[in-house]
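Common to both upcoming complexes is chain A, partnered first by chain B, then by chain C.
Presenting the complex of A and B:
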């Protein structure tokens, strides 16, 4: 945590530019790929195969994710469920915007079996995967305990690529 | 060439076959094994590298999808631990090189790979695998591997294989030699036995049979062959022994027969000597014509008996191989004339003309005059005997290598069948002939044998009813010596009284001597054996000693030797000694002369011969 903070601070200090369409697509791809490196208990995926990604209607990432809808994932395909806050139950992945990423909300989502993904500074405290943008690269920090609490098993490869795993 | 397999010993051949077979089999086995192992090794290498690539691809998939070049590079660095991997390139989904390690050149083809792919060339192994996340291909991985390990494996394997091959070959060679010895031993044994039989000509013991195979059967066959040969040989030898015994028995019987004949002729000769001697003694006195005629018949009969006796003796001598042929100078015309003189009166009596023609054979020849006269006498005798009218002619003429004697007659002639048997012993022209003409049938057989002994021959030319011609060819040579030896001339009785010592163990012979010599006024002393002769000779002097040869106590030859020794001892004048013997052989006469005798008078005693000999010595 102490190590992540300066990094995050540095990133903030650089003043992130407004997210471009490319950036959005890139992040959407990361979300999609995280889903491919995560395993859920049997029956937790919709219709025994589809991976449900929940995102707020107004999230800038939503259109980019929409474009990935239907791509193969596990035995099924990617399903993007856009809705208002809070998400209904049944999410496999939940992209939580910074403003809603409260510990209570994240814990509630984890309890529902959703692997939470977010970008806020302390997201990894209660969230499972925090995306970190370093320059032109996007990395992530993983809280494997939260992921397990959600019932998801993250692949070793994913863990190896993580900037930090707790 | 000693190297030519045809000249190899059987053992070498068998050993070579065993060895060559093993070597070929081993070579094939090793080749197959090496090729298969090589294929296995290649497959294994490809499999290992593909597996490695697949594992890597799996590990690299996250780096690829999360665009983590550094992570990918780190993962690829692990390949440096694998020696044979020279390099690797990771491509992203679009085919652009994403990360690499080592010297591998980016190969665009790798990006399209959908399934693991490998290509093995002589120098390198290239493996391409897709990088997938779940089923989606997100990139490709190319591995470039060297083949040092493979080649090192091959070298090591080839070395081990070569060593194993050499070892196996050596063992195969030893086993081949051993096997050959085991196989060949019975064959060698058989070959040795055969050599032994061939070289020594003797049959070997049975060859030991050591196996049940073809060689064993061969050995059995050889052994039974040898047994059969032995049996044959044995029966052959037995038959030969039997034949030898039979032959010896026959020879012995024949020798006994000859001995018996010789003995009989001697035994007959002694009484004949008495008969003929006494007849001659009686003829010395004036007799009436009747008495003269009767004595003539007795004398003729006795002489005929003597001829038969001499024939039988000659045959037995010839058969015993004891008849000797002399070679001495003689007057051939004189011999022919004597024969003519003997048979002229007989021929004249039968009104048959006997003619003698000497056609260039005058002079002296070298040969056995006695035997030539015998042959001629025999032929002329036969000719006269079988000719009832007409003539008998005797022609002598020289030939290229000797003399030819032809005796022709105008008699009954001889058929070809009869001619074939003519010269065999005891054969006459016809079995009935002997009854009609008499004779032993030995004459011609003796003539032929005598002629052959003189290296000559006799042939007959005749047709039944047209007379016959006997032709004798003898390879005589003329006597080149100039010295003329006078034929012994017949003499009448000596004029003055002689003192004669007669030595003979036989009383009849002594009486004959007395009857023949006393009418001549000879002072005769008669003794019966050698010692008595020496005693008589010591007591007084004699003009001549007539010495019988075969006597008991001391024979004539020994008595003569002693008398000559005593003469030398006492310085006494030499007393002439004449041997009295029947049918003496020339070498026996030589013995008599060597013992000191001065001459020889045959028994039965012919008065004329005896008187001639006495006259020569005394006069």
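Presenting the complex of A and C:
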């Protein structure tokens, strides 16, 4: 018998979008989804229930996140707040670039109630969600202790989809 | 049937890929419409490039997802297969399970092609699948794609009644450490250990699984270890290397005195490498594998298979999606004389060569897709086999309809081609009296309709009419009295049936999934003196399945599965009702606890009587158990 179809399947299965503009869009979509699966204490979101995602102005992910501005999130919508470093208070999600992902900075953000997201190698030591990219594959790892410290409750489904939970 | 725009990749190729002008853009707008689960599975990334969904398949397709498996509580692959409409699954012992679709079930059900990550586990030596040796941990299965109906125009011979494609998870999806233990009141246990980590430019998964299943005199113990390595290479290609080693032994209940003391043992191993690329408009896959089976039981044999496959797909002229490829396979087996069968020559090497081409044309602004395909194959049993298909798919309000006409063949097993019942001492068989066997053929006609009803109820209906010719029938040889028999292509049969799958979400926390099937399988040969190695009566006339998933809270799930399997046509096996219930609790970030009850409606049942060579079905008993799963 020919194994052509499974082969073909494999070919499709292991070839995700090239990680250029697509890569950023893909990561932005994961960040957006993390926001959907995270619950914050009452009053922590902006007055009208909006979810605030903070990101540095010059972060390569910022343009892709910008395109998601206004997407529905919980009772409100996604608000992308671009700024310099450090972020002002009021972030629900904080995308922290590798150069600023120090233990002190991540702990400070958690104490301000921000769910931190980043990509550096040891990010999940003090950060809540680490995006892991191997080849063209992007997944995420969760440190739920850090998420709880920020006051966020992550859904069971999100934890199940994480490739690793600390 | 799946709820999400799930990539059905095997079907994608079967269906032959999407038409031009229907491609989705990969913009972020589209990605956020996908569920996170779909977003993360690598094939969904490909959906963004190539919108291949179950909804556009001109075939009877059903996908068992990771979530389906988790919430079913299935401990083995055949248990999970019971949720697919029309799938016939009957437990025979801790090791043997009869699995078929659209009739002809039995210990050596021979008309269903099965592959694990592109490696065929259908053995041409015995014309069947050794389900007790399929030990891939269920946790590692990404999805199981089931195509009811012929797949021979792509997979070649022996993909007669259906194709099952078991796909394991990408290594990146299993980073970290996992361990789980399942134990129940029958003393059955399953233990899985797993470790995944980045390695070089890719990721690797290592695993070890051990099972002790069955009850009383019918007990099977088996262990398997293996690995999978995935790495993205070049701009758009991916490399996968994977392999497994396994060993097991079992007892089984047997009514034949000669075999009562017998027990079975197996060893096995495989190694596979695959390079695949896809940039949306075109792609290729190149795969090679080796597979080894060493099995001691009623029919004892060793078998090695080497296989090389290549396929290529490309879009032509905007409306054509062309898929073509070829394969070469070398099989060497060695069969021992046993108490029930003798095969001459003992050793045999077979070479198989095949080539296929398939084209899907999009017409009427992509409301109509027409697929034509054929596989031409040469084997040393029956020579050249030509297996064509013609399919059409039409978008209609609220869904789509499809139809197909296909031909598929089954090549003789080694027992059929070279063997027979072990003759008494001193009996000399004359080769001259033995006919040359041809392949069994199926002409299949199918019709399907799927879509969404008001209220969000998804439905998927299929009807089929199968006409079989040249089915292998064993008859006593002239002049040999009852001392020797041989196979002849003398059987004819007709099978007509209906299958349905439904999915609904009555409440935000509640999901219902139902399946139903009905068939009427009849002999058309009028033979009275032949013994059929296939059993027309070993299939239920109808089956019903209802699964309920209820989320009591974010951390607590209550799931139930009610099934009805109709009586077999011969009355030898009565029908039965079955109920499984499972309560799952996420007891922290790293621990999951499940309490389950299975086969709750009666103390025990026999799922299939009167199987081959006096081996009867072992009882399936009521059981209650617990599963603990840890990850870090």
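Throughout what follows, the second predicted complex is superposed on the first by the 146 of 166 C-alpha atoms of A that agree within 3 Å, B and C clash if a C-alpha of one lies under 4 Å from a C-alpha of the other, contacts with A are read in each partner's own complex, and residues count from 1 in each chain.
Criterion: contacts are C-beta pairs under 8 Å (C-beta built on N, C-alpha and C of every residue); 3 or more make two chains touch, one makes a residue touch a chain.
As the structure is a computational prediction, the values presented were derived from the model and not from experiment.
Asks: Looking at chain A, does chain C or chain B touch more of its residues?
Replies: Higher number of touched chain A residues: C.
Asks: Who does A:64 touch here: chain B (first), chain C (second), both, or neither?
Replies: second
Asks: I'd like to know which partner A:116 touches here: chain B for first, chain C for second, both or neither.
Replies: It touches nothing on chain B or chain C.
Asks: Is A:25 in contact with chain B, with chain C, with both, or with neither (first, second, both, neither)?
Replies: In the superposition, A:25 contacts chain C only.
Asks: Figure out whether A:73 sits in contact with chain B (first) or chain C (second), or with both, or with neither.
Replies: In the superposed model, A:73 contacts chain B only, not chain C.
Asks: Which of the two partners, first being chain B and second being chain C, lies in contact with A:163: first, second, both, or neither?
Replies: second
Asks: I'd like to know which partner A:92 touches here: chain B for first, chain C for second, both or neither.
Replies: In the superposed model, A:92 contacts neither chain B nor chain C.
Asks: Does chain B (first) or chain C (second) touch A:144, or do both, or does neither?
Replies: Second partner only.
Asks: For chain A, which residues belong to both interfaces, chain B and chain C?
Replies: 29-30, 33, 36-37, 137, 139, 155, 157-158, 161
Asks: Chain A touches which residues of chain B in the complex?
Replies: Result: residues 58-59, 61-63, 65-68, 71, 133-136 of chain B touch chain A.
Asks: Can you list the residues on chain C that touch chain A in the complex?
Replies: 7, 9-10, 12-14, 26-29, 31-32, 34, 36-37, 39-40, 42-43, 45-46, 48-50, 52, 113, 115, 117-120, 122, 145, 151-152, 154-159, 163, 165, 167, 170, 172-176, 196, 198, 201-203, 230-233, 235-238, 240, 274, 276-279, 283-287, 307, 309-311, 313, 323, 325-327, 354, 356, 375, 377, 554-555, 586, 589-590, 631-632
Asks: Please name which positions on chain A make contact with chain B in the complex.
Replies: 29-30, 33, 36-37, 72-74, 137, 139, 155, 157-158, 160-161
Asks: Mind listing the chain A positions that touch chain C in their complex?
Replies: 1-18, 22, 25-26, 28-30, 32-34, 36-37, 64, 67-68, 71, 132, 134-137, 139, 141, 144-145, 155-159, 161, 163-166
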